[in-house]
């Protein structure tokens, strides 16, 4: 099933949900072989003993991270919590490996802003400028040649893909954008916290981080990047919510039309913007997306509508937070970096029902 | 447990979820005895055979609806789909019974507007003006003497209670209000529809009715009722979503401050507005509500905040759609109508976890 | 709502799920007032800040446990993990307080057996013999005068109530009993363990502890207690499973009839055995129990049947693990100990849907 | 992605969950192209409009079933409710198409027994003997040349694979077998029934059909087929339960050892029995299976243990009811019939988390 000249990949911090999702996708990728997976805490443990779904598909054992060994690989994925990748990065950047960081460490270009929101000193501020923000729908060309990819967050991916056509064309008031988003519990990672117990999350719904969530500056940076010059910079009100589901992000976006009497055909605008994107699906007019329609797939499905023909545009955008919101997008970046078919290993149908 | 002079109550259409919820609450109400429960489809069936939770608590049998019999009761609840109550109402209004209609039939004062959104001719338009909209936090005085109560819908209750302090005080732009709301599946009723199967709803999330939901005109009517005169009438963008939970509504409300430099203490404003309301709980600053904190209870819990100190106010409002959003509110109305303690039968602690 | 001469109650270890469930039940109990609730970890925290469902109902603050203070109360509940109650017990037994221990510390009379299964030295072995096993359906008389109650575990309650009529009457082979049971996730308590995350438990099902679960010796002790003398002692195969629900235990019990040709009317047998039990409901023949029919209630619902008229009897038994399986049963014990109506504070209807 | 000489496949009754699951698997199968999918009710509807997960992967439209057209295909799958396939079968058996029936119509060789349990006259009793029961782990050779495959039910697959090694070797009392099984809600199909609503199934658990489920005779037939001759025929007590999950079957099997003093190494027995089976995974001793470890995959995972070293053997067996329990097994049969790699199109990793 694998090609003749597969590249070698490593995963740093593979015990979390983005790690097992990378393994699920890479195990069947025709051009890649995962040869190293690291975890300080689980060194010596067989991957398949921790993730029984991988039995018979992955025969690796977790090992201690070793920069020399990682540096000989073609590509290294960081599936670590924020604050980890930046410590290994200076050494790893000296090696031949290309790096795809799924954490937040290199997403925000303004280091001071990063340090404020993440409440710590950045460990490799000099490398931030070298990182390419890995949203292919915006940065495909830069990704091709990147040494270091900062893979976007889950909420940022769903929100940016939903807003892009409106902002690129300056159709809405950029200072009153709203992203009302909801995420499945896997977004909080595989950590033993009371807040994420089934008994706490199940059969309930709540907002969290409404006063200020770390994805806010990342989203605003991304939205501002696509605005025409000379426009007031995007200001977003971002309220995330916790869904009693495992996978899925649903972003409900609101924006006010600058001129409600002179609005282009929004459906056509969105369809054209994403016509050549393999992983953005603009639904036919009248259909609304559901998170289950992308469960386990790398697709983002979007609907745009204008209720009551009033001044407020509503955009609905869904992704799987572990796939297009993390590991799938990382693989998409890898495909672009190494010249593979962009859909290689990602042409998966969502699991429905 | 019951008092000496209990009133007699009947329930029309008791097989649905609002019916069983009325029974759950009224069975333990100290001042009321349910003596009649009707269902054409289930006539002859024991209530406890349909709802095993009621075994040992309710010993009634479903019967065919009979206006003469209902008219001799003190209070009659309609727990029917829209379009049913209006047919029995002309006859029932001639009897001594006071009536609490949980359906949408008498909520909207503009009959033409009702007929447009509900897509049918109204069966008793002459009675619409006599109905009191049963939101105690706004209409308590009128409820006291009402013959016919139109009990508010679930989304309208959560949304109105969240917006009232802002609109009463004309603090926000009334023409750009947003209610991003999510409901548990019990809101769709106990009907055998594919869309509500566990295999369709579970482990997923979606918006629905985004182009126009029947609760929109009801909410806008309620919001306009509390605006000071001379103000542009409230215009709402309302996007409901379907949660994979049984009970609970979570409304995330957004409004733009008219003067971001001259904003009163919003926390204090909300606390004062609801200080004497037995079923509205304004959370301490910094706490956010969760639907499970009101599961099975008649409470509405609200938080208000202003993220990043910008111009957008966010209000979070949660209720149990079957309790404060339907049957609990109906009992609250009954308590007010008959001079009982407003909390009688409703002083229940939410089931958590 | 409270009576004139309420007793004073304390709860040791009130931060877990059995603690909040005790508060939910006792807050509305007419004869009891909770005046102390302890937690070393949360001392100083308002109970309602941890459990928002209790806002407006409970105005207590967690405090450090203090035996002197606890000893002045009428009743003290231990809602602690196993191993804690036994340390405070020697001192507390010297006070006037009567004690209801919801943990496993005093359930097993054979101290060596306890120490083997719980893998620790017992801290108060001399008190074990004084404890009364608090299953009212078996030990009501002894409970009346008990100083110390060992409240049964959740699986043991569901399993024993299901098997009792068969074993008391020596109708089945006692050496081949099977309890295939399933519990909601709240049974694992409110602890930050990865195994209990929504992302791990939800949308899945598994057995656990099949090789040997700590409730096995407790169940076998209880079953043997009700066997006629001279019979081979009960041997149980017990396989617990983890359900992706919050509350509820469902035990599916299997036993082989000793004489398949001479079997009494099992439905009548069960109905008679439990005719006077306020919290055991034998369903009509043909109905099967569901956990939701007891959610939040203290009821145990049971069905008995004999498929294909073969030699295997099947008994289905459901309870809410936090209510009849823990805190509700504790309150039932308290009611019996203090001569209250056995249903006081427990006459609650399950939350359905 | 498809091979050069793909076979052509049709699906009759493709609107249900087994239909969409067939499409998910066949869309990526390298040797097959689905060219026809029928549904009387949905004729003219695009498949992807009903199943948004298939957008971009399947471009078919539902059509009326047409035997002439179906007969020209290489393989026809029936994903219909029982009672449908038998009507089209006499005509279809005259064509060149080979047929894989996922329904119960041809599973039971004793037509009278089928008619009793399915409560209807069989429409093609003369064809029953020609059907091969499509459990590859038992009937691989016969499947190779079969014209008509009767694909096993979901409970029967999980139960038979769990019991086979014990029965083939006559290690347990065949007259006291127990299968305590639980299924996700998708097993009930995509039908608008109240019993399967999220509000009815979620956050609850119950047994159903305990007095007699249609899969009982199918399982007993399968178990008896593998018993050595001269042994008392297998008698099973089968109690199915409904899980609040979408996909997954978990069977907990109990059997009594004939000679508890002379038991082979059960772990080794199971590992050897299934050593060459691509879709049966015997877990290492000490590990227990979970349904999520096979979600979306065709794998059956099994554990065998003997608690307390007593006479009762416990076997735990999990499958995805829609994959190995239905559509995946159908594809596995097809692979065998047409000489493809048995894993073609089925080498999928379960979606975890």
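A, B, C and D are the chain letters, set down in written order, and residue numbers restart from 1 in every chain.
FYI, contacts are C-beta pairs under 8 Å (C-beta built on N, C-alpha and C of every residue); 3 or more make two chains touch, one makes a residue touch a chain.
Because the structure is a prediction, the values reported are computed rather than measured.
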- Message: So if I look at the partners of chain C and the partners of chain D, which chains show up in both lists?
- Response: A, B
- Note on the structure: More Cb-Cb contact pairs, comparing B-D against A-D, go to A-D
- Query: When the C-alpha atoms of chain B and chain D are each averaged to a single point, how far apart are the two points in Å?
  - Reply: 46
- Return the distance between the CA-based centres of chain A and chain B, expressed in whole Å. 39
- Whole-Å gap separating chain A and chain D, where each centre is the average of the chain's CA atoms: 37
- Message: Where in chain B do residues touch at least two different other chains?
- Response: 17, 186, 190, 199-200, 202-203, 244-247, 289-290, 292, 295, 353
- Item | Complex interface listing, chain D residues touching chain C | 176, 178, 180, 182, 199-200, 202-208, 210-212, 216, 235, 237-239, 241, 243-248, 250, 252, 254, 256, 286, 288-292, 295, 303, 305, 307-308, 310-312, 314, 316, 318, 353
- Message: For a test of understanding, state which residues of chain A touch chain D in their complex under the given definition.
- Response: 1, 17, 20, 24, 27-28, 49, 51-57, 186, 190, 202-203, 246-247, 281, 283, 287, 289-290, 292-297, 299, 301, 322, 347-353
- Query: Any idea which chain C residues touch chain A in the complex?
  - Reply: 17, 184-186, 188, 190-194, 196-203, 244-246
